[in-house]
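Okay, here's the structure, questions in a sec.
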Amino acid sequence: MMFAGPATILFCAVVVVPFIYGLYLTLTSWDGIANNKPFVGLQNYRDAFADTAYWSALGRTAIYSVISVVLVNVVAFFLAYLVTSGIKGQNFFRAGFFIPNLIGGIVLGYVWKFVFNRAFVAIGTALTGHEGASLLGTTNGALFALILVSVWQYAGYMMLIYVAGFMGVDDSLKEAALIDGCTNGQAMRNVVIPLMRSSFVQCIFLSTTRCFMVYDLNLSLTKGEPFNTSVMAAMHVYNKAFVYKNYGVGQAEALILFIICAVIGMIQVYVGKKGEVEA
Amino acid sequence: MLKDWKRWTAAAAATVLAVGMLGACGSNSGSGDGTKITIFNSKSEIQQQLEELAESYGESHGVDVEVYYSSDTVAAHMATKYAANQPYTISMVDAKDVYSLGAEHAIDLSGEKWVSETDQAISVDGKVLGFPVSVEARGLIYNADAIKKATGKDFKPESIKTTDDFKNLISDLKAGGMESPVGVMKEDWSLAAHYLPQVYEEQEDPAAFIKSLHDGADLNSNARWTSLMDTFDVLVENNYAKGDKAISAEREVTEQKLAKGEIAFMFGGNWDWAVLNQYEPTKNMGMMPVPQNDNDMDVQNKLVGGGSKYFFIDNSKNTSEAQQKAAKDFLNWLSMDKEGQEWIVNTAHLVSPFKNNTLEVADPLGKSVKEFADKNMLINNYNYLPDDHYSVLGANFQKYLAGQEDRAALAGQVVDYWKSNDMKTIQ
Amino acid sequence: MATQSTTRKSDNDKAIIRQRIGHGLMIAVLAILLVIFIWPFFMVLTNAFKSMSDITGEPLSIVGSHGFTLNNFTSAMRKMHFWRVFGNSALITVSATVLTVLVSAMAAYVIVRNPRWTASKLTFAAMVASMVIPFQVIMVPLVSVYGGYLGVLNSRLTLILMHVGFSVSLAVFMFHGAIKTNVPIELEEAAEIDGASKWRTFWTVVFPLLKPTAATVAIIDAMAFWNDYLLPSLVLTDKKIYTIPIATQVFYGTYSTDIGLVMAALLLAMLPILILYLALQRFIVAGVTAGAVKG
């Protein structure tokens, strides 16, 4: 009890209590700032379900998340493999790939916006001879840009977890497999990867939830443009609650987002755990 | 092993101790016996100047003044401040925020001396709640040097009244070697919070006009819509960035082109000077009304604008009477005292909304706005648009700018927006 | 005999050569990837030393036509009160990170070793679920409860404890996985037979084995605390206790951003965290090898 106490108490105080109060607020038609908070029952949820812009933002977020999660984890695993294979200067490389994470979300978006709109366009002009448009000017281009930057940012972060995973695998096990006649690929598939299961569960879970809740990057890189076609779910929720001053509905929509994320997360952790028993 | 354990315990204890000490000194920040007031600034351009003012004003008036800024949405920032019971003494917000917050959170300023000196204060239910910080207006920004260089003639903005005049000038500019004389900003606020609202504002009764749209009136046949969109088309045709490129044009680049004279015109407002000024601009710039063929309400001679950014003083129990008094004194000083007036005009480079402030504005765009304001040639802002108006219709307007939909479609979307609106804000 | 050893030797040579080629290739691939990864960062580095006019006009040049300038740095440092906010950020980040690592490791240990307790199941599930709560959901309730009702905002201590509260779930999640896979229960049983208390067993036997994970958690959390904007902006209202990200907000305007100042501030702010990372990275390696020797 003494062991788990401090963590649990702090967790309840700053997460659970406000969350429950937030739950209550979804049942009011509060505008976010007035003193009175009229009780309206489930009206906000009805409004949320009828908000087509919200659902298309959610759909968009799902597409973005699936592509990003796959790419992030493939790149991160590959990088982690390379920087733990005992080559010269691997510490240097690890530090290098991690650098994107040292830049916080908002600044990151501004820097990349600058890269997309200015640097890429300038390079494109130099290569093709005529001035091209920026990717951020088209719907698919903006989505692509969001995915690219997410991969760039999270690959180094997830690499860190995979590196810890690789280092947790006893080298002697892999060597034994190689001596038994496994090829490098087989040893990787049958010995190393199963032992790194917890790294995979962590990375996939983390990258999925982060992608689903993307906000900072969305705001600073595309701001929802062009034509509001790059507004992701969290941004829609924020705008609904604070910019359009519809706090109750925004809060209800955020809660729906939470439930979706929670279900996906639970499934992932569950599947991961089940596999653990088998292994 | 034992050593290790000791070390960790010691580290943990030290951390707890350090944290405890921090907490102790963090909470007694309200030191000093003088009154302390806080000012929230939502105009990032003047943050530096305001901070310096806080120091000098504080010293000379015996109050402790602190200035805060946040780049968050003003409404969101206010919401968290009020939720936490930590409102600012004076908050700078947009006009629409005074309407939504003022009745509940602002003190009545009706008795103040400055009220009679301005037409721009905001009243709700007969009480003056919002103190206007500056006057800002929208129109076409021109670079007269660039025009002279291309056409060889001095530019007289009064000579361009109609869209046709404007077209002729554009062809002269092109003949003079300026390939695309215009920059169009793609930002949703520029398109749907600045350009589109002119359609409402330049009607005899904007609220009645919006109500007619709510009832399904045909916007596309409206004379004002037609004349403004005709001009917009001319702007788009001559925009240096076309199609998809128009949608990714960066505001900084557009302003730099205007400052350097690579383009001659841009739709904007006197707030743009803060950006233009970073690119070594000529002083030979100014603002003129958006040319239109339809001259109802004398729109060819007027800019659209008025008070912009308002101070209100918090009325909650978190703000003591002494603080409220100090806050009122500050607003009085800003509007009535010679020093305060000078600060507004010469330090913060704002156009004063007060008639008794006759100081000359230094920046060329502000100077234009001041001239129009002094001649009573401003059409009022319509401050009652719903909060999502600029975002929803801005997205549609961007499609029009990119050439992905035609004018009738855009008009239809504007009407649809109003049809489905609950009209709560319209008055 | 002799021939056998020579063939083996040449086999060995071949293997070594193949390995060398393999490593060479890997280094080449990594180097190319690294250049791509670092390039945007390089853009920040070069543009931070240019005037606003050059940043907009010629973003790709290494030195702008207005020349090399330190103005962005001096002006950013002055406007954000660099040393003061730096001190606040450092104190808050260090305290919150140390606390998070300690309390989460302990909590995860209890949860892993008592999988049948309802309390531990419930706590773990709640923590995992909480990781996907969009912050916007608890933002306003949080300030209502701690500002409106309890009035404890505007203190560094509150911020540190909130940081810990928000980050324990992820940290517990990571320690949970590590304890399960890397800490054999036999070691603890041995220690207990030797007469060690639970508390001592944890710190002398379990925690040392968790060093790689602890270092990872520390880096991730320290970075998150160092860069966090939203939570500190809600909690800290007095300028004297501002952190770096809040202080840099003044460079972001509603309509335009002074990107030169932003980039200079970014470079100033990331140096310490880069150093921390480089330091902890060694520790991860050291921790693993130390564990291997003991095992």
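Each chain gets a letter, A, B and C, in the order it is written, and its residues are counted from 1.
The rule is simple: a contact is a pair of C-beta atoms (placed from the backbone, for glycine too) under 8 Å apart; a residue touches a chain by one contact, two chains touch by 3 or more.
Each chain and its UniProt protein: B = Carbohydrate ABC transporter substrate-binding protein; C = Carbohydrate ABC transporter permease.
This one's a predicted model, so the numbers in the text were calculated from it and none came from an experiment.
Student: Classify the inter-chain contact topology: is it line, ring, star, complete, or other?
Tutor: Topology of touching chains reads as complete, every chain touching all others.
Student: Could you find the chain whose CA centre sits the greatest distance from that of subunit C?
Tutor: B
Student: When contacts are scored as defined above, which chain pair ends up with more C-beta pairs, A-B or A-C?
Tutor: A-C
Student: Starting from the mean Cα coordinates of subunit B and subunit C, work out the distance between those two points in Å.
Tutor: Roughly 39 Å separates the two chain centres.
Student: Roughly how far is subunit A from subunit B, going centre to centre by Cα mean, in whole Å?
Tutor: Chain centres of subunit A and subunit B, defined by C-alpha means, are spaced 35 Å apart.
Student: So how far apart, in whole Å, are subunit A and subunit C when each is placed at the average of its C-alpha atoms?
Tutor: Taking the mean C-alpha position of each chain, the two centres sit 16 Å apart.
Student: Residues of subunit A touching 2+ other chains?
Tutor: Answer for subunit A, listing residues that touch two or more other chains: 32, 118, 238, 241, 247.
Student: Please list all residues of subunit B that touch 2 or more other chains.
Tutor: Residues 79, 83, 250, 253.
Student: What are the residues of subunit C that contact at least two other chains?
Tutor: 140, 144, 252, 259, in rising order.
Student: Looking at the complex, which residues from subunit C come into contact with subunit B?
Tutor: Going by the criterion above, the answer is residues 52-53, 56-57, 79, 91, 95, 98-99, 102, 139-140, 143-144, 146-148, 151, 153-158, 160, 200, 203-204, 207-208, 233-234, 237-241, 249-256, 259.
Student: Okay, in this complex, where on subunit A does subunit C touch?
Tutor: For subunit A paired with subunit C, touching residues are 1, 3-4, 6-8, 10-11, 13-19, 21-22, 25, 32, 79, 82-83, 85-89, 91, 93-107, 110-112, 114-115, 118-119, 122-123, 152, 156-157, 160-161, 163-164, 167-168, 170, 195, 198-199, 201-202, 205-206, 209, 212-213, 215, 234, 237-238, 241, 247, 250-251, 254-255, 257-258, 261-262, 264-266, 269.
Student: Under the touch definition given earlier, write down the residues of subunit A that touch subunit B in their complex.
Tutor: Its residues touching subunit B are 31-35, 116-118, 131-138, 224-229, 238-239, 241-245, 247.
Student: Which residues, counting only subunit B, touch subunit A once they are in their complex?
Tutor: Touch residues, subunit B against subunit A: 73, 75-76, 78-79, 82-83, 100-101, 104-105, 186, 188, 243-248, 250, 253, 386-388, 391-392, 394-396, 398-399, 402.
Student: In their shared complex, at which residues does subunit C touch subunit A?
Tutor: Residue list for subunit C touching subunit A: 23, 26-27, 29-30, 33-34, 37-38, 40-41, 43-44, 47, 59-60, 103-104, 106-107, 109-111, 120, 123, 126-138, 140-142, 144-145, 161-162, 164-166, 168-170, 172-174, 177-178, 180-182, 198, 202, 212-213, 216, 219-220, 223, 227-229, 245, 252, 257, 259, 262-263, 266, 270, 273-274, 277-278, 281-282, 284-285, 288, 292.
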